[in-house]
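In what comes next, subunit A is part of two complexes: it sits with subunit B in the first one and with subunit C in the second one.
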Partner chain A sequence: MSSARKFDARPKVAGTYRFLDDYNNIEMMHGLLFYARFDHGIISKIHLPPDFNLNEFTIVHASDIPGQNLVPEPVADQPFMADKEVIHFGQIILGIAHHDKKTLKDFSEQIQVEYQKQPATTDIKQCLEDEKNCFGKEILINHNFTPKSDPGCTYLHKVYYTPHQEQAYLETQGMIAIYDDQKKSMFIQGTMQCPYFVKEAVETIMGSAIRQVIVETSEGIGGAFGGKEDFPNIIAGIAALLSYKSGKPVKIVLDRSDDIIITTKRHPARIEIESWTDRISGKIRKLTVDYRLDAGAYQTLSPVVLARGVLHSFGTYNIEEAQIRGRLFRSNTPPNGAFRGFGAPQAIFAIESHIDHIARELGIDLADIRRINLLRKGDEMPTTQIIQEDHIKECLETVISWSDYYNKKARFEEFNHTHSDKKGIGLAIGFHGGGYTGNGEKILKSEVKITIDKDELVKIYVANTDMGQGAYTTLAQIVSEALSYPLSKTIVEIPNTDKAPNSGPTVASRTIYIVGALLQNLAYKINAEIPDNNLSSYIKNHPGQFPREWKLQFQPDPDIRFDDNTYQGTAYKDYSWAACVVEIYYHCQIYQIEVKNIWNVLDIGRPVNRKIAEGQVEGGNIQAMGYALTEFFYKPGFGRMHGFTDYILPTAFDIPEINIEFINTSSPIAKGLGEIPMDYPAPAILNAAQHALGRNFYELPLTPENIFQVLKSSHNTKIAQEDN
Partner chain B sequence: MKISFRINQKDVSLDLDPMRRLIDVIREDLGYTGTKESCGEGECGACTILLDGFPVTSCLLNAIHAQGKQIHTAEYLAKTEKGKLLIDCFDETNAVQCGFCFPGFFVSSYHYLLNDGEPNLEKIKYALSGNICRCTGYTKIFEAILLACDRIKKQV
Partner chain C sequence: MDFYKPSSLPDLFEIISRLEGRKYFLAGGSDINVQIKNKIITKEPVVYINHLDELRGVRDDGDQIVIGALTSYHDLISSPLLLKYIPFLSEALRYFASPPLQNMATIGGNLANGSPTADITPLLLVLNAELKMMSKSKLRIIPLNGFYTGYKQFDMKYNELIGAVIISKKATSGYRSYYRKVGSRRSLTIAKLSLAGLKKMSGEQIVEIRLAAGALNEYPRRLARIEDYLTSRIRSELDWQEIESLLSKEITPITDLRSDSEYRYQVCLNLIKQFVLD
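Then we have the complex of A and B:
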């Protein structure tokens, strides 16, 4: 396990690494996305401001689209730009370009849209309560479930809520489009996770008006976390249209408030869980989960998020009888999308919180309830997948002893007897399936390419982007190790759809797990073709054989099957596992929770680069801490957030001590890592808060206002009382 | 209006709207794109520069605020002795992820190193309290600066 340095660290610190807005040329026009700013209505007229020279502007509307006005997505129901009807606040109506940024902004601020107002659903909690807002295909998993109740069991019925979460990548979204009229080709450069998605989007909107689309990423991608999975499709499409119409290069870089208002977020969820637990043994006999996500105004990729959420909603527990239902709900808010975890953080928050509530109800310790119900080797998930390993148990036991969980728990309780400030300790476990769900990788058929030049450079061509997670360094490391070739001569080329084969999107913790494994196999294949196993000297001795190119495509394992209708089978070939203990300090005078310490024990298989892996865990933990404590997007009576002044992100002062241990590190497989550290800390923080305050919580975030509400009311136990 | 100042040890004199945002002057008019814009409202510190040696957010200042002053950006500081040492530490700890926030963190921590430099975590957190990073969880950034402080201590 090495910790090779990142090749891009130094220029990034010095400010010489180029992000999208650092690319400029004299010709370039600035573009802007003009959006509705009302929730639902029929447009009757758009008034452009009179005091500007309209000839200087390029303006595009739905009617200018030569191709199709539908963004390609798993469900292609969202237009690039609204034609007549607007169904959410952030819906784009016009694309506008001008040479001067300031003029462009002044102009757009004075545009008036006349519309007939229509009824809108914008209260997310209400939306998720009301089944008539349900849309799209429902998921139902039934695993031996019998509705009859069991007399020896304790029945618990709870509803959990999670809010929107904004990705808040530091670099806002942006795209440059350069149209070449001679070649009828469109070159797109941008900050994105999925160059081939963007290519398809531009081909869709431009139709037969152009012959070729080439997509390349900017050198640096300033964070993404899922936020740059599908929204870049829209920006690229409109930038392309503006460049096509103006004949000039067009650069759109969103300012922070536009970015936060119109782009996708983590789906708010309402998750209702019923459980029947044996009073004597603490074994959960039956479980039902009703998992609901607010998709926003369109479905887009939400069905895929729903699938992953449902497939993580039963947690890491062995449950004999389970029924799980997953549904999408429609509101008049911007479509939600991908965010690190992709449905799993909501699911794991609910099931882990529920396990705690069962433990409290039965008077069982939080660690014991998990031990009793843990998924063990040979156990069957509700999807009928058989678990092949006992690593979750090892994660759990390691984190308990390493964090000194039992002693601390007792000490904190003593402290709490005599202090008004409180201490709490919480525990949560989680898992995350690597790669696309179900048959996804089979359909994707990712391909990778390696070339070796005369100048002895090994070049890796993939469509996966490095948005900060260190993918280029880690992938180069995998190839360099497999080829026994110097890392300094092994490089990943900036993704470009004209040069790199489609190795699939940079999502689903799949870059190292799937693409890295493909590259490793390809490198082994190259090795096998080099007679004396010494690549350097072979290149020197046989210059005539180079440059040379090798490709490899993903081959699905024929024994792995998943039924997309019944959700039975192997949903994910490999899972990463983790357990976590969190210590908090509650400041009673300001109703505020401070996280003091987080212990993580993870099985991600082989960490290719230890320090990069640690960085992923630390970053994921802190995003989860924000999710648990401060981050939300709508506040009833207050409206939406507009930037970093009202959307509160963790800063240096909020950072706890973070401890990380990896187990199973000699595994031959590097499993998924990017998402799992986001999945489990929020419920651990919540149950630490319950430990500290002796109250139950069912909803994130635990802001001082929300804690105050819970402490001041007894309503939090109402549901339980009604049901008992 | 004529606005004259010194940036990265070079004198410049530009004809500018005095209310033009200083970050735009630095990035667009002078091409120092190492200074980044993220929030545009003084919250994130990505646009931090040294103005007469003091870290400020250039997105909240106007061109007129630079009149007669000295500005240093990340690009210049990266070439100084202390700057190089600090970059070594960010590199060795693998502290950098997407890097978009880093020129700002670099300027703030450079200022800390120059004016205090004590390897004290609480003080370092205070020095970085105006910078937001969404990728790293800050832990390795603290580690890097502590390392840099230690190294400088050993040098003297």
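Then we have the complex of A and C:
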């Protein structure tokens, strides 16, 4: 386990690393996405402002699209630009370009859209309540479920809600398109997670009008968290169209408020759980989960989020009889999309909260209820996948003893007897399947490439991007270690679809787990081909053999099967496991929860770079803390957030002590890491709040206002005044 | 929109006495630049003043501390004079804004912007701070307590400028002080509400009390009715229902993206109680 320093840390601090908006040329026009400010309507006329010289502008509309007006997605139902009908606020109507940014902005602000208003569903909670908003393919998993009730069991039926979450990457979305009329080729450069997705999107919108699309990322990508998985497709498509029409390079960089308003968010969820638990043993006999996501106005990639959510909704528990249903709901809001965790944070929030409610109902300790029901080696998931390891048990026991859980719990309860401020301790466990769901990796067939030059540089070609998570450092480290070759001479090339093979998108905690493993195997292959096993001297002695290129493609394990219809089989080959304890302090005067301490024990297999791995856990924890306590995007009656003044992210002052331990570190496999630290802290915070306040909560975020409402509804408005 | 950059303080007064109507003074720019960007300020002249160093700095003036209007929050936080005489103000200032804003934003600009959520105003109100209003021909000292007359409405003429804030060195001697800013997080947050207080006790009797609330009215305000009720009463004999009903006449909390009216009201009451009974 090395902790090689991120090679990009220094240039980023010094400001020399180039992000998208640092790329300029004199010819370049600025592009802008003009979008609807209404929820649902039929456009009758677009009035362009009269006081401008229209010849200076390039304007594109759906009717200018030479190819197809559908963004390629798992379900391709979203147009790049609305033609007649707008079905969500923020839907793009026009792409506009001009040489001067300010003129462009002034112009677009004065455009008037005339439309006939149509009925719209914008209240997310209401949307998820009403089954007539259901759309897309339903998922149903039935595992030995019998509807008959069991007299020895306690029945518990609860509904859990989670809100939107904004990715809040530091660098907003942006794309440059440069059209070459002679070659009929389009060069795209941007801030993105998935260069090959962008390539397909540009090919789709441009159709036969162009012959070639090359996509390259900017040197730096200032955060993404899933937000740059699919939205870049749209900006790239429209930027390409503007460049094609104007014949000039076009750069679109969203400003913060546009970015927040129109780009994808984490799906709000409504998750209804029924459980039948044996009163004596505490064993959960039966479970039903009704998992609903608000997809927004289009399905796009939501079916995939739904799949992962459903496949994590039963938690890390061994349940004999389970019935799980997953459905998407349509609202007149921007399509929701990928965000770190991808359906799992919602699922794990609901199941972990529910487990706590069962424990409270039966008077069982939070750790014990988990011990009783934990998935152990040899147990079967509702998908019939057999568990091969007992690492979740080890995570749980380690975090309990390390955090001094039992003593703290007792001490806090003592404190709470004599204080009006309260302390609470909470516990949650979680898991996250690495890589694409089900047959995804089999279909993707990722490929990687390594070249070695005469100048002794080992170059790694992948389509995966470093968006700040340290992928280039970690991938280079994997290759350098496998080749026993200096890290300083091992580099990852900036992803470019003309040079790097398609190693798949930078999503699903798959970059190190899948792509890293491919690179490691390729490096071993190179090692095997270099006779004296000393690469440096071999290159010196055999200059004629270089430059040389090696490639390797993903080979699926033939024993692994998954049925996309019944959801039976191996949904994920390797799971990461984690257990977490959270300590909170409740400020009674202001109804506010402060997180004091988080303990994480994780099995991510082998952490390739310990510092980077810890950074991922810390970042995930903080993002989860915001999710649990302060972040919400939409307030009924007040609409959506427009910026970071109102959308409240944690700042450095809010960050608690974060303790991290990895188990199973001598494993040969580096499993998924990026997402799991986001999955489990929110329910741990919620159940710490329940411990502190002796009240049940079912909904995130636990803002002071929401806590105040819950306490008030239990006739307890005077809680703050009791012991003064 | 016309911009002006006076060459000196007399030149400034010359310019502003010549320009008719409302005008904006650009100091640190942390509010004005945003308002220009958001097209809230479009026509009115903008006069740049941040280079007029006569208006900057915390000065010892006998039994008073005089804070120049252009003094930045950073300079306030690091002022030994403030730390010595009004330490609770120095302490509270640390939780205002971000370091870049603390470096740029000025006390005069903060007061003249007149935001209902301005963090420093409730503190200055309980300190009985005064404002030195300057114009070409006149200088007047007014209590901050009378400066605000409505939402972004001031007792200030178009040819006037806030020159300085004056605080007595003895403003807190003999008093217990209180300040609590309630925001969505610990830093970089706009107050949902805030409460500042000073009180003088004689045993259990409240001899004198001053309370000022932020973000609960159109402008930060003293809670005069509650102060009147509390003054000279015995702490254990207070009628909190009476205080609650007085509070409902004193504040008008709103529901917005940031918080809810009911929450703001209850928390304000909780904080008053905490301070009074502590």
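Here is the rule we use: the second predicted complex is superposed on the first by the 713 of 724 C-alpha atoms of A that agree within 3 Å, B and C clash if a C-alpha of one lies under 4 Å from a C-alpha of the other, contacts with A are read in each partner's own complex, and residues count from 1 in each chain.
By definition in this document, a residue touches a chain if its C-beta (ideal position, glycine included) is under 8 Å from a C-beta of that chain, and two chains touch if they have at least 3 such contacts.
The shown structure was predicted, so the numbers you read here are calculated from the model rather than taken from an experiment.
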Requested in this report: Quick one: classify A:Phe708 as touching subunit B (first), subunit C (second), both or neither.
Outcome: second
Requested in this report: Using the touch definition from the top, say if A:Asp453 reaches subunit B (first), subunit C (second), both or neither.
Outcome: neither
Report task. Kindly classify A:Thr651 by the partners it touches after superposition: subunit B alone (first), subunit C alone (second), both, or neither? Result -> both
Query raised in the report: Is A:Lys635 touching the first partner subunit B, the second partner subunit C, both, or neither of them?
Result: second
Report task. Report for A:Asp130: first if it touches subunit B alone, second if subunit C alone, otherwise both or neither. Result -> neither
Requested in this report: Check the residue A:Tyr591 against both partner chains and state whether it touches subunit B (first), subunit C (second), both, or neither.
Outcome: second
Requested in this report: For A:Phe19, decide between first (touching subunit B), second (touching subunit C), both and neither.
Outcome: first
Report task. May I ask you to name which of subunit B and subunit C touches more residues of subunit A? Result -> B
Query raised in the report: First (subunit B), second (subunit C), both or neither: which does A:Asp563 touch?
Result: neither
Query raised in the report: Taking the two structures together, which residues of subunit A meet both subunit B and subunit C?
Result: 645, 649-653
Query - subunit C partner contacts - residues on subunit A that touch it in the complex - result: 588-592, 630, 635, 637-638, 641, 645-646, 648-654, 703-705, 708, 712, 717, 720-721, 724
Query raised in the report: Considering the complex alone, what residue numbers of subunit C touch subunit A?
Result: 180, 182, 184-190, 255-260, 262-263, 266-267, 270-271, 273-274, 277
Report task. Sort out for me which residues of subunit A touch subunit B in the complex. Result -> 3, 5-6, 8-10, 12-19, 21-22, 24, 167-172, 220-225, 255-256, 467-470, 609, 611-612, 614-615, 617-623, 643-645, 649-653, 655, 658
**Report entry** Footprint of subunit A on subunit B - complex, ascending
**Finding:** 27-28, 32-41, 43-44, 46, 73-75, 78, 86-87, 90-103, 105-106, 124-126, 128-129, 131-140, 142
